[in-house]
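Each structure below appears as C-alpha cells.
Here chain A shows up in two complexes: once beside chain B, once beside chain C.
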Partner chain A sequence: MPPDVPTTGNERLDKVTGRAVFASDITVPGMAHGRILRSPLPHAKIVKMDCTAALALEGVVAILSGEDLADLAQPYWGLYFNDRPVIAHEKVRYVGEPVALVVAETPAVAQAALDRIDIDYTPLPFIDNAGDAIAPDAPRLHGNLEAIADFYFKGQARPVSGTNIYQLYAISTGDTAAAEAEAARVFEHTYTFPGIAHYAMEPHCVTAAFEGDRLTVWSGAQSPTAVQKVLSRVFGLAYANVQVIVPHIGGGFGGKASVKIDPLVAAASWKAGRPVRVALTQEEAMLTCRRLGASITLTTAVDANGIILSKRAAILLDGGAYADTGPAVTVKAANRVIGPYAIKNLEIESRAAYTNTVPGSAFRSIGGPQAVWATESQMDEIAAALEIDPVDFRHRNLLPRGGKVLDSLRPLDADISEMMGHAGQAITSMGDRPAAGVAVAATDPGVLPLGGALVRLLADGSVLVMANSADIGQGVRDVLRNVAAKTLNQDPAAIRVAGPDTATTPFDWGTGASRSTVIIGLAVEDAAQDAREQLLALAASALEIPLDGVQLVPGGVATGSETIPFDRLFHTAFGIDSGEIVGRAMVTPSRKGSDFATSPLFWETAVGACDIALDEDTGALAVTRFAGVADIGHAINPAGAEGQEEGAAIQGLGHALYEHLAFIDGQPVNATPIGYRIPAAGDVPHAARTVLIENADGPGPMGAKGMGEGGLLPVAPAIANALARRYGIRLRDLPMTPEKIWRALRERDSDVP
Partner chain B sequence: MYPSPFTYHRPASVEAAVALLAEFGDDAAPYAGGTELLLAMKMGFAQYDHLIDLKRLPTLRTIANEGEFLSIGALATHAEIAADPTVRDLLPPLAALCGEVANPRVRSSGTIGGNLCFAEPRADPPALLAGLDATLILRSTSGERAVPAASFITGALETVRAADELLVRIDILLSERRVRYERIVFGHRTVAGAVAALGAPGQPERIWVGGVATCPAPLPLTQSLLDAEPGAADARLHDAVTQDIAALDIADDEEASADYRRHLAATVALRAIAGCREELQR
Partner chain C sequence: MTASLDLTFTLNGDAKTARVAPNTLLIDFLREACQLRGTKRSCDMQICGACTVLVDDRPVSSCTTLAADIDGAVVTTIEGLGGPDGLDPVQQAFLDHNALQCGFCTPGFILSVKALLHANPAPSHEEIVEHLNGNLCRCTGYHKIIDAVESLVRP
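Here is the complex of A and B:
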C-alpha cells in the first residue's frame, strides 16, 4: 500500500542531497497519470464535448469532464461560496480553467490525448479587469451565491447582490468629512498593483487514490485539514476516511494554501478507479492562482503641522474567476491600508470583484503589499508636498507601542519608531549616504488559534513530534524541534518532527498567516509539557521518590544521585523496556494563559529602507543597499528567521520591479517562465542587512511572534520613495519597470522650463 | 510539456550527419546544446520527426587561430569560447559576451552554432558576429558554401540555411578594428545590443544592432558618417544613429514599447561607438 513519507532529522541535508520527498516523488502501485485540457477562452458556454477519439487512444484510462459532476455529493466547492466546479461545468470562466482531465498510463499518452478532445464553445462577453467588472452593465460570471459562514476563515463574505462584487467590507470611524473640511491640505492619489504569480519553485502536484469509500491524497498542501474538509464534502466521505499526507513542499507563498487542485485530481481517481497523479507545469501553476491585483485611491487630510486628520480609502481588488480566499484578502487590504498611524477619522471601503482571469487567492501577507504600496507611497508624497522629511512625517503620525490602529484590534506590540532608527543605522553601516527611501508596515495576521500536536517520548529516548504544520521551506520543523527540545530538556538531535498526515497528526488550521510558530509552537510546547509531567509522575511513582526529586535530563531522568535512562525507567514502570509517553495538546481560542480573545494575536511589523542606483539613459534601476527590520519577539530558529525576512524582501523586490501577470483580452500573455520575470540572484542587493527585534513579548513559545510575511511589504514603496527623492519621479503603478521609469524621467525633463 | 515523439540519431561523423540531413530535410533538426531547440519542442512551438545529435562530433568544436582569421567550430559552447585563450587574446569582446549570455547552465551546453541557426531575435552573438563581418561555413552532401554572418539571419527564427545544410564553423577575419559590444539586459533577455567595429585603416566602419528588430541590422547612415568623418561630433552621430534606428522595423512587445526600444538601441549604439573611440584614443 501507499509508501510512508519519510521525515528525517535533517531536512536541509535531505534537500541538498535529493533525498527529501516532495509530492511529485510519490508513486503508488497502479498509479495512472493525468493531464489537463484547459479553456482557451475567457468566458464561454461549453456546447459540445466529444472525447471518443481521445478515449480510443491506446493507454487512455478515463476522461473526467463536467458531465461527471452530477454524480458527486457536492460538485461545486469553495471557501466562502461554493462557486467553483470540480471541473468546468457547462461554462468556462477564465483562460486556463480545466475543462477535461485525461487519465492515462503515462503522462505522454495523457498529453497526446488532449489534442483529440473535440470541444465547441459559444463565446460569452467577458471582463478581464476589476474596473469593468463593477460597471453597471458588466456581464456576470456567477449568479447570486449563498455565502458560507465560518468555513475556513472566521466570518462570511458580503457580496453585493446582482453584481460581480463578491465581497464588500467597510471601516468607518469618526467623521472624515469634518476632518477634511478643517484640514490644511487634502491629498488624493490612486495607486495600482497588478496580479502576481506565486511562482513557487515546485508547481502543484497531487496524487489521489480512491479505495471504495476511503480516499488518500498526497498533496503539496499548506492546509491539509482544509483539503480534507473540502474533499469530504465533494465526495460525501467521512473526515476519518479522507487522509491527506503532505510531503516536503517546494515553496507555497499561499499558492498552496486552502484548497487548489486536490478536488480535481481526487475526482479523476474516482472516475478512473485508479490512483491518479497530476503534476502541473509552472505554466499551469500560473493559471491556477495568483495574487489579487488592486486599485487603491487614498484621500488623506493633514493639518498645518503635518498631523494626519483623516484618511479615506477606496480599494478595488481584481478577484479572478473564483472567490477562493479573496474575501479575506479584501478585509485584510482594508485593515492594512491604515498603517501603524494614529488616525482618528477613517472611511475605508474595500471591494473584490469577479473577473474572467486566473482566480485570485492568498499570497504572503494577504492584501498587505497592495495596501502598503498605496499608503507608504502616499506618506512620502504628502511629506514632499509639505516639505517635511518623510521619516519625520512618519514620526509625527506613528502610533506608539500600545497604540491602536483600530479600536477593535489589539494594541500595537512593537515600536515602529525604534525600528525606523535601526533601519537607518543599518543602511548607513553599509555606505555613506543615508537611506533614499523608507517604508513601514504593520499588519494583522488572521491567526485562528486552533491546532494541536502530539509529543511522543519513545523508550530509547527519541522523540516524535507530530503536527500538521507543513514545511514550505520556512523551517517550521526546526522551530518545533527546538521548542520540544527545550521543554523536554532533550538534545534536538533526538527529536524527529513528523507530519502532516491528517490520519495521524492532530488537527491544525493550516500553514499560513504567520501562525505556525505561535500556534503549533505553543501546541508542541503544551504537549511536551504534558509529556514532561507524565514522565516525572511516572518516575516518581516507579522509583518511589517525591515528585520534586526527579528532573528530566538528556536521555532520561535524574534523581540527584543517579541518572536513569528512559528505557530503564520504562522497564521499572512497565515490566519491559518498551512503551512510550504520549503528550498531547490542542491550542484553542480559550487556551489557559493566552489572550486569544482579541485579534490579531500579534502584529507583524516591518520597516524597509534602501538606496538605489539608476541609469537615467535607460531607466534600469538597481537596489544598492537594503535594510529590513522586523519585531519578531524571539527567534526560535535564528537562521530560518533571517532567511524568511530576506526571502520576503527579495520577493518584494520582484513585486516592486518585475512582476505582473498580464492579461490582454482575457488572455494571459506572460504566464510562462520565459515571459514572467522573478528576481534572480544577480538582482539581489549586494549590501543587505536584516535586523530582528527580540523582546520576548510575543504570544508564542519563548515570547515569539509569527513572522515571514512582513519583509515583503516595505520594499516597493521604499524603492518608489527613493525614486521620488533622488530622481524627482513618482511612480504609482507597479511594477516599476525600466520603461515606466524612463517615461517618468522624460516627463520630468519635459516639465523643466 | 512533452515534445512530440521523434527518432534520435547520433551520427559518428560530420559526413554522416550531413547525409542524415539530406535524407530527412525539413523533418530533421540538428541537435547541439538543445537549450533552445528542446525548450521549443517541449512547449509545442517546434516539431521534428528526427533529431540529429551532433554532440559526439569533436571536430565541430575546434577553436583555432588560422593566421588571417579565427575559426570557431559551430559546436563550441558559449562557455568554451569564453574560456578559450585564443579567443580571449584575439577577440576579447566575443569571449566576454559568450561569458555573459544567459546563465551558466545555458553557457555550458548552448553552442554558438545553435545560437546562430535558431535565430532568436533577442540573441546577442548574431549581431556581434555580423558586426565582425564573420563568415559562416555551411556544409551539405554537395559541398561547402560560405555565407556572411551579416546576411545569414533573415528574420525571427529564419536563416538562409537550407534544410540539408549543417553550420560547421564560423571564420572571423582578424583586423585592426577596435570592437565594442554593448547591451541592455532585463532579466534573462537582451532588449537591445549593439556592436561597433571601428578604426582599421582602409576598412569600412561597422555598426550593427541586435535584439531590437527581428534580426541583426546595420546602421548605414552612421557607418557612412564615420567612414567619411571618423571624428564626427556627438550630436551628428546621435542624429545618424537615431535616423538609422527609425528606419528599422521595430514592434511593441511585452518587454518594451517600440519607442522605448528604439531609444535603448540608440543608447547602446552610441555607447558602443564611444567605447571604441575611447580605445582608439588610448
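Here is the complex of A and C:
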C-alpha cells in the first residue's frame, strides 16, 4: 500500500463554501478606495477641471486626473497603438471614459467627492456607429498613430491614414469577378450584429500598491503578463518589479483579457502613495469594454448544382474609442467568415473603425459570432432560394477533414459532416421533429505557443503546479491537475494548482483563444515529465539501484515490492527529510515533438441545431431543443468541457435573442443590469444535449484540442434559420427580439399576393 | 450621519449585537464589519442574486437591504452552511452536478435554493426554474444548476 498522501483541498470546494477569495475580496493593509468620475459626453474637450472642493472633503486622499500624466514614463498605452491615456487627457472620447479618480478612506467618501469636482467640457462632433466613422468628412478620434508591432499579438495593425479606420485586413484568392460572371445565381445580403456586454458576474476589480519602485497588483486578469508588461511601460519599472497576482476571477469571457483598468488603478496608487482598491460596478464594467458590433455584406456566387463558386465579404466593425485588441478581432472576423467550406475564389475586406462608444475588445471567439452569424444565415438563405435542403447544401460545400479553409492555414482537423449527423441525431433523440435550424462553424484560434510551468514535488508527496493560466471558471486548474497527476502517477487530490503570480510563476501569454489546455497543458506535462525524470534518477542514485528498477507510485517511488515515500527518499538522498524536486518547462514555437509552425494549432469546430416555439401574437420565441457538437480531441476534464459547451451555447442564446449594448446620440442607453438582459434559468432550452467528439487527434496533452468558445457560434444563425424555415421570416439584425420577430411576421402576412 | 442603531440578531447560528449607521447596506455590513466575504457584490440593484443571504429563511438581496432591517432576525450567509468537512446537501449537489464554473454566483444560488426547499420541499420543475430566475449566472448555462436542484427534490 502506498503511504497516505496529504490532500490539498480544491477550489471547487472553496467556491461552494464561500471561502474562495476573488479579486474583489482582496484587502491590503493601509488600503484606500477609488471611485471614478466618468465623461457624460461622447466626444469633448476638457476645458476646466477644479478638484479643490473635492480634495477638501474629509477623508479624500488624492485625485488622479489627466494633469498627472506628464509625470508618467509612458502616459498612453495600448496593445496595437498607444492610443489610450491612463486617464482622459485634455479630451474625452466616449461616455463613461474615466476623467478623474478620487482616492479616499472609504468608497462612500470617494463617491461623495465625485460630485464636488468642477469640470467643464466643450463638446466636439462625435460618431456613434461605424458607418458614420468611415464617412469622408467624419470627425477624427485620434491623430495618425504609430502601430506597435508584435507587442501582444503577433504582427501589427494596418490603419488607413487620415481616417478612423484603425485596421484593414484583406484576403484575396482566385478571381471572384470571373466566378460571379459564370455563376447560376449570385446572392448578396447584409447582416448586422450589435455590441455586446461581457457581463461577467464579478465586475472588474483591481487593487494596486506601490512601494518605492515596486508595484504589486491584485487583479482579476486573464493575461497577467500583459498587465505586467503594460504597467512596466507606463511607470518605467523593470518587469521584475511589477508583480501581478490573480485571485479567483468571477468570470472573464475576454472582458478581463489583455489589459483593462490596471494602469488606471496603479496610477491612483502611485498618486496617492497608498494601496488603492477600485471595484467597478456592473454598470461601469459595461462602460469598460464590449464585443465589437459589425455589419457584414456577403456576396456569394453558386452554380446550378448548389456549389459555391465564390464569396465576397465586406466586414465593418465598430471598434469604439480605443483599439484595444480590435485589430486582431478584425483579422479573425475575416478568417472566420469563410466557414468550413471549399471556396476557391475569395475577396474579403475587414475593417474596424474608431467610434465614440465603449472600447471594443476581445470576447469569447473574437470576430467569430459576427462572422458566423452572417455566413450561416446566408447559407440557409441560398439553400432556400435554390430549393435545396440546408443540410444538403452544406454537405455539397463542406471541406472534408484535411481540407483547407485557406492555403495559409492548417488543414481542417475535424469532420464537420459527421458532426452535423451527431447534431441531427441528438435533436431527434429529444423530440419527434427534425431540427428546424442548423449552423456550423470552424474557427482558427489565435494560439500563441509561448508559456511555461513549474511542477514542484514536495517532500510530503504533495505537488504544486505553478502556471500563469487564469481559471475564469473554464476549469483550467482541473485540466492542469489531471495532466500532472497522470504524468507523475500521483493522486489528483495531492496536487494543488497555484494561481497566477508573475513574481513566482513562469511566463505565459495569457488565458484566451482556447489555448490553455494545449499550451499550458503541454507545459505542465513537460514540467511533470522533467520532475519525473529527476525523481527517478535521484531514486536510482540514492538507493543504488538501476534506473529501470524504480518507478513512480502514488506518494513515492517503488522498487520491486517496496514503496519508499518521497520524504524517506529525500532523507536518504539529502540527509534530512526535506527538499523538493522542481520540474520546469517552457513551451515555445519550436517545441520538440510539436508542429507549431502553422496556424492555427487546431481548429475549433462547432455544430448547433435547434427547434423553436413561437408565439405569433407576441413574437416571443423559445428554443425548445438545442444540440451542440464540438470536436475537442480529448476531454481532460470532461465535466468542465461539457460545462463550457453548455455555457457558451447559452451566451450564444443571449446574443441571439436579448443582448444589444445600445447607443443613441453617443449615449449608452441600456448599460445597466436593469436595461441589459442576459439569459436567466427560465430562458434556456427545455431540452439540450452536448456531444463531444474525442479522437485524441489534437496537439495538446492526451490528444486534446482547445475548446470553450465554439459552442457560442452556431446558436444565433441556427435560431434565425429555424425562424425562416418554420415561420417564413428572415431576420438579419441581431438580437432577434420579440418586436423584430412580430414585425417580420406582420410583413410576411402583408406580402401575401 | 452620526446617528447609529443597535442591532441584535443571529448570524450563522451565533447571537450577535452590532452598532451600525442607519444607511449601512446589509452587504457592506456582512462583508466589511463581519468579514464574511462569501456574500458577493455584482449588480447592486437586486437583479442578479449574487448577494443573496437568508433572513429568517427567506432569500434577500443584501445589496438593497439595510443592515438595520436584520434587527431581531436570523441571518444565514454561505459561511453558515456546511464547511468543507460537512457540506450542506445543496452544496454537495452543486459539486456533484458541476453546477458552478467561476463560482462567483454560487453562494447566492446555493442560498436561494436553500430558501426554495425550505418554503417548498417538493417543487415542480417549473417551480425550480421560476425560482432560479432570480439568480444570474453567466458561465454555466443553468442546465447543471437545475439538475443539481432536481437531484435534491427527485433523487
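To be clear about the criterion, the second predicted complex is superposed on the first by the 744 of 753 C-alpha atoms of A that agree within 3 Å, B and C clash if a C-alpha of one lies under 4 Å from a C-alpha of the other, contacts with A are read in each partner's own complex, and residues count from 1 in each chain.
Here is the rule we use: a contact is a pair of C-beta atoms (placed from the backbone, for glycine too) under 8 Å apart; a residue touches a chain by one contact, two chains touch by 3 or more.
None of the values given here were measured: they were computed from a predicted structure.
Novice: Touching A:E202, do we find chain B (first), chain C (second), both, or neither?
Specialist: In the superposed model, A:E202 contacts chain C only, not chain B.
Novice: Who wins on chain A residues touched, chain B or chain C?
Specialist: Here the partner covering more residues of chain A is C.
Novice: In the superposed arrangement, does A:P224 touch chain B (first), chain C (second), both or neither?
Specialist: Touch partners of A:P224: none, neither chain B nor chain C.
Novice: Have a look at where A:T281 lands relative to chain B and chain C in the superposition and call it first, second, both or neither.
Specialist: Both partners, chain B and chain C.
Novice: Just checking: does A:I472 make contact with chain B only, chain C only, both, or neither of them? Give me first, second, both or neither.
Specialist: second
Novice: Taking the superposition on A as described, I'd like to know which of chain B and chain C A:Q111 touches: first, second, both or neither.
Specialist: After superposing on A, A:Q111 lies in contact with chain B but is clear of chain C.
Novice: On the A-aligned overlay, A:A662 touches which partner chain: chain B = first, chain C = second, or both, or neither?
Specialist: Only chain B is touched by A:A662; chain C is not.
Novice: Have a look at where A:E739 lands relative to chain B and chain C in the superposition and call it first, second, both or neither.
Specialist: In the superposition, A:E739 touches chain B alone.
Novice: Just checking: does A:A680 make contact with chain B only, chain C only, both, or neither of them? Give me first, second, both or neither.
Specialist: both
Novice: State which residues of chain A lie in both footprints, the one left by chain B and the one left by chain C.
Specialist: The overlap between the chain B and chain C interfaces on chain A comprises residues 281, 672, 674, 680.
Novice: Can you check the complex and tell me which residues of chain A touch chain C?
Specialist: 9, 11-22, 24-25, 198-203, 248-253, 279, 281-282, 471-475, 639-640, 642-644, 646-651, 672-674, 678-682, 684, 688
Novice: Please give the residue numbers of chain C that touch chain A in the complex, ascending.
Specialist: 36-45, 47-48, 50, 77-79, 81-84, 87, 91, 94-95, 98, 100-107, 110, 129-130, 132-133, 135-146
Novice: For chain A, which residues count as touching chain B in their complex?
Specialist: Per the touch definition, chain A meets chain B at residues 35, 107-108, 111, 281, 617-618, 620, 658, 662, 669-670, 672, 674-675, 677, 680, 737-739, 742-743.
Novice: Can you tell me which positions in chain B touch chain A when the two form their complex?
Specialist: Counting only chain B, the residues touching chain A are 1-2, 39, 43, 184, 186-188, 254, 256-257, 260, 263-264, 267.
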